[in-house]
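We call the chains A, B, C and D, going by the order they appear; numbering starts again at 1 in every chain.
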Amino acid sequence: MNNPQISEETETLRFGQALNRALGDAMRADDRVFLMGEDIALAGGPFGVTRKLLDEFGQRRVRDYPIAEASMVNLAVGAALGGYKPVVEIMFMDFCTLAMDALVNQAAKAHFMFGEQGPVPLVLRTPHGGGLNAGPQHSQCLEAWFAHIPGLIVVCPSNAADAYGLLRAAIDNPNPVVFVENKRLYSAKSEFPANPQPIEIGKARTARSGSDLTIVTYGNTVHLAEQVAKQRADQNIDIEIIDLRSLQPWDETAVLTSLSKTHRLIVLHEATEAFGIGAEIAARMADIGFDELDAPIIRVGAPFMPVPYSVALEAEFGPNAEQLNTAIDRLLL
Amino acid sequence: MNNPQISEETETLRFGQALNRALGDAMRADDRVFLMGEDIALAGGPFGVTRKLLDEFGQRRVRDYPIAEASMVNLAVGAALGGYKPVVEIMFMDFCTLAMDALVNQAAKAHFMFGEQGPVPLVLRTPHGGGLNAGPQHSQCLEAWFAHIPGLIVVCPSNAADAYGLLRAAIDNPNPVVFVENKRLYSAKSEFPANPQPIEIGKARTARSGSDLTIVTYGNTVHLAEQVAKQRADQNIDIEIIDLRSLQPWDETAVLTSLSKTHRLIVLHEATEAFGIGAEIAARMADIGFDELDAPIIRVGAPFMPVPYSVALEAEFGPNAEQLNTAIDRLLL
Amino acid sequence: MPTLKRSAPTRLLLGLYRTMLRIRRVEERLSALFADGTIPGFIHLSIGQESVPAAITHHLTNSDTVAITHRGHGQALAKGINLDAFLAEMMGRASGICQGRGGSMHIADSSVGMLGANGIVAGGIPIAVGSALAHQLDGQGNIAVPYFGDGAIAEGVFHESLNIASLWNLPCLFVCENNGWGEFSKTDDQFSGSLKKLAATYDMDYQFIDALDVAKLSNLAGRMIKAVRKTSRPAILECKVTRHHGHYEGDPQKYRPEEELNQLGGQDPVSHAYDKLITAGIPVSELTELDRQIQAEIDASVAQAMAADHPQFDQAAAGVYA
Amino acid sequence: MPTLKRSAPTRLLLGLYRTMLRIRRVEERLSALFADGTIPGFIHLSIGQESVPAAITHHLTNSDTVAITHRGHGQALAKGINLDAFLAEMMGRASGICQGRGGSMHIADSSVGMLGANGIVAGGIPIAVGSALAHQLDGQGNIAVPYFGDGAIAEGVFHESLNIASLWNLPCLFVCENNGWGEFSKTDDQFSGSLKKLAATYDMDYQFIDALDVAKLSNLAGRMIKAVRKTSRPAILECKVTRHHGHYEGDPQKYRPEEELNQLGGQDPVSHAYDKLITAGIPVSELTELDRQIQAEIDASVAQAMAADHPQFDQAAAGVYA
């Protein structure tokens, strides 16, 4: 069963609220968990994910940090080495550029490089993606950078239930986790279990079963894939959708299993296609899945340009249903 | 002809000396070119690439910068917008983590985001790679990060002639260029033309012609490929080697042409295999080159771990001839 | 116009008032255009802070450069950005100063020495210092002005910038618009030092001023800019300002004490200048006429922007590299 | 040993001398082992700078934490790192403190509160401040010490660290080993301010001392550490030291004035302490015996390290994640 967390007694919840609940539950479960970020305490976070947590947990555990990303993430490394479990928020993924040393040279390497003397259990939450006409410096999807770095874990949920389950798992995980949240999802409602549980990192979810073609995707584009798959079902095209959920490690077995069934593969994501997450999925399948392939592997991602500001440009920027349909047509027609 | 710059009158030159000569020639040719870096002026650079340039060009154009990478690259952006052509050195590629905002949010985007009001002609030189037992924070190959960013150009030469020609082209280029130098190459000697010229960015070089199998690679691993190809030639295995030279843009046509000849592809690089440069090459060929493929595409790169310090560990870290031979065997035997 | 009988200070004030009022009216229009959905994305208004760019740019030429912030409309307009191209950019049109690719957070106009707004807090500061380096190499006596907010002071790159500017004697005037807030957080919760002490650390001239009085501010800025030009020593000018709107348009400002919100009226450099002009004998009718002219200019600019084409995607895609 | 008749200061000095001498002898051995190829990679010796870690750690417990630099052998040894595991690490052996994965630039020993050396200049500073935050949350009165060189002062993250430590009253003592050089560049070409002024900016206690006299330094460090523990206000201690060797082993030091190199003898905290001990009546024979014991310890440690296994690749590969 691919969705163990969705039981019969479900309500619906917004993605952002699910994250809020996960943070609250994690903090109640373990008093070593604390939060740092810009405007996360008094203001509840720019997207409201940390709303009301200050009231319950106080300034000691919900900390507004000055606008100083580099030291913030490094402080989290130090606190993690000291036995705490910091969850830091970088307000937009684009600002992770300011904290790359902390993440890549320090957090990712400490466990290995110091000979396994102690883990660095920190979670870095950050929103990626466009759609808000926020322009080139507030819309980037940089997850491929982190997936390239041994020692980091990268996760990106597509719905409220997964957001909760993966964030709980990320906080429980002894390793540094980059937890990527798509901005367009924050206010999206989806089913939420009565008794939500952590979801194992590294396991994909079959968002839709199908036999003709596999779309591997994650985050917000899962919904694009679902929408297109639904439309194409009317034309008797039966699409399987794999929601990766974790990007590092990613579920090679799930993708290969699906490919072995459908023999056709599209990798879809909002990030720039070139050198993006999809490149690794495709490259890996062109190796271990070669014998299963009946057609080229097609990637659908953002074009090779910064995310533009204007409504007209961002609307065409993609990835969108048209591009996805073109890819499907190329594989099946 | 793939090596227009190598004429009959060649001498040999060290890779580092070729870079030094390129910097000097560029500064003589255009007085808007100036250099900034840590210990590059008085000390001539940690690997000697900027040796003696201070003597010729003075402090105005050869500038020792404090240990402050973030502002250094940002200053270069500002100076480039002001009509200069800064060439900055980041002492080890691992320290680029401190200058990612400058490179990715500023340099890469300014031309596009400001509506083409003016380019940002800066070059960032930086050494990558292991082999010096310099450990996890002084050995990384992070070029895939930069190749993922629209607006950046990424170049990585494998020999003295290319080092010269590509660096001249990088300095001439109006866009920000990340110029990657493999540490192990600095002291390597190779042929050098009497009258060296800029080499077009984006064009690969066929380092060896062959018919059975294509190895696509760049930087120091070109030599690994050559060495193995030579050995395998004795077994009548005829390997073609494509030296990419440019990673963004990369020469898709050259790779596809070679694949169309050999029908078998290995992508080899020193960087971490997962989500590395090779992923994009393989993914692209699994799409546009699918019909040419007679076998899986195999990547040979570093394992998914930080570069370890000890001699014993780094020796096994790879990529090495054994791993490359295993890949060749998988494709041909 | 009977300007001949007027004193120099009054003429000066009238010019500064005009610049400020124009910024104010443009931003009021932006507020409305944002509210009705004509402008997408995020916009950060500088209503209440107009005196700073008005006073600073009064002493700059087009060869001097400024790097502006996310709250930079006033900084851009004062520096001379073309209003048509500015408004078209806000609406994401092809005729926008950035061809619709940047929007409010990335307006730039190299023709008037405006290096570009930045969506990265403190991001423009070291770029402006790099521009100052270019000025130094040029040797033409130009200077660079990095504008920044109080929130930017916590970013490491600001401190690196102070150091190198001082170390290399780079001609730049660091101008802080201190509005007491960084988004929804008070400055005092963000930085434990002060610009004054930082200036002492880096051996720079430092001045603090309440920016309510634009004429006083202009005098001070003029002196400082002259000194920066002459000595090529960097300096810091801290301006106390009041942000009248939210951090971004649409911000309900729940975090802000009601008392503070009630006092905004007394913290307005535009009405402060208006009162001084009336006291100096400028007839109300003249100021009303000035306002009318500005509004007419804005009306026309808004109309052309609304009528302008949307950018072509292919053209944008072709503009990633030079 | 006739220690009973000795004054407390003499006993103290003897202890500090022992720590310093042990560092010195270990590093001399490292130098030789590097020269003969037994130790690979880069190593940065702290010969001439031993008094700082000796004095600082004298006042720390294993629960206090230190983040050390690339020039951190002395800082590590003084904090109590196991010599066998230390030397094995330098030789890249499986029994090394980091299992041979880190080497000189990444030695760490969490069991004695040593957070880890850093190959990134200034990299350890904010991590130590994060450790101080953990101490504050723990409420046990422990403190954190970020060591750093004069070159690190130009890095932005250092300034961010000062700010947050001051803002949040974090218990840490920033200890600068100012040897006048950052690699091959003089400090004065790198930073235009001073630690003293920075301390004033962030309202921290600041003290400067010539680290030649380890006893004086220890007194001062003791007072400061006590104050940090008690008040939880961060403070800065700047120690003037002299780097006797090159930036890294093998550095020919052509950039260094001959005069400076000729004066190293007078800038040696180890021989300075030796002379004071002799003056205080400690017999030469006792100090010779101490040296012999230290050398014997080192001999044994080197021998075990040389005999130790090389690490297994598979085991390293399995150690990337916890």
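We adopt the following convention: a contact is a pair of C-beta atoms (placed from the backbone, for glycine too) under 8 Å apart; a residue touches a chain by one contact, two chains touch by 3 or more.
None of these values were measured; they are calculated from a predicted model.
Without subunit B, the rest of the assembly holds together as one piece through touching.
In whole angstrom, the spacing between the mean C-alpha positions of subunit A and subunit D is 41. Taking the mean of the C-alpha atoms as each chain's centre, subunit A and subunit B sit 31 Å apart.
Chain centres here are Cα means. That of subunit C falls 48 Å from that of subunit D.
Residue positions of subunit D touching 2 or more other chains, listed in rising order: 96, 98, 100-102, 106, 118-120, 123, 154-157, 160, 163, 167, 189-191, 316, 319-320.
Each of residues 66, 68, 70-71, 94-95, 98, 101, 105, 112-113, 135-137, 150-151, 304-306, 308 in subunit A touches at least two other chains.
Shown here, the protein chains touch in all possible pairs. Residue ranges on subunit D touching subunit B, taken from their complex, read 40-42, 91-93, 96, 98, 100-103, 105-106, 118-123, 151-152, 154-156, 182-185, 189-191, 255, 310-311, 313, 316-317, 319-320. Remark: subunit A residues 38-39, 42-43, 46, 64, 66-68, 70-71, 94-95, 98, 132-138, 303-306, 308-313, 316-317 touch subunit C in the complex.
Interface residues of subunit B facing subunit C in the complex, by the touch rule stated above, are 34, 60, 65-66, 68, 70-71, 74-84, 101-102, 105-106, 110-121, 150-151, 153, 174-175. Residues 70, 94-98, 100-101, 103-105, 108-109, 112-113, 135-137, 140, 142, 144-145, 147-151, 248, 272, 274-283, 285-288, 290-291, 293, 295-299, 304-306, 308 of subunit A are the ones that touch subunit B when the two sit in their complex. Contact residues on subunit C toward subunit B in their complex (touch as defined above): 65, 67, 89, 96-102, 106, 108-111, 115-116, 118-120, 123, 125-135, 137-138, 144, 156-157, 160-161, 163-164, 167, 316, 319-322.
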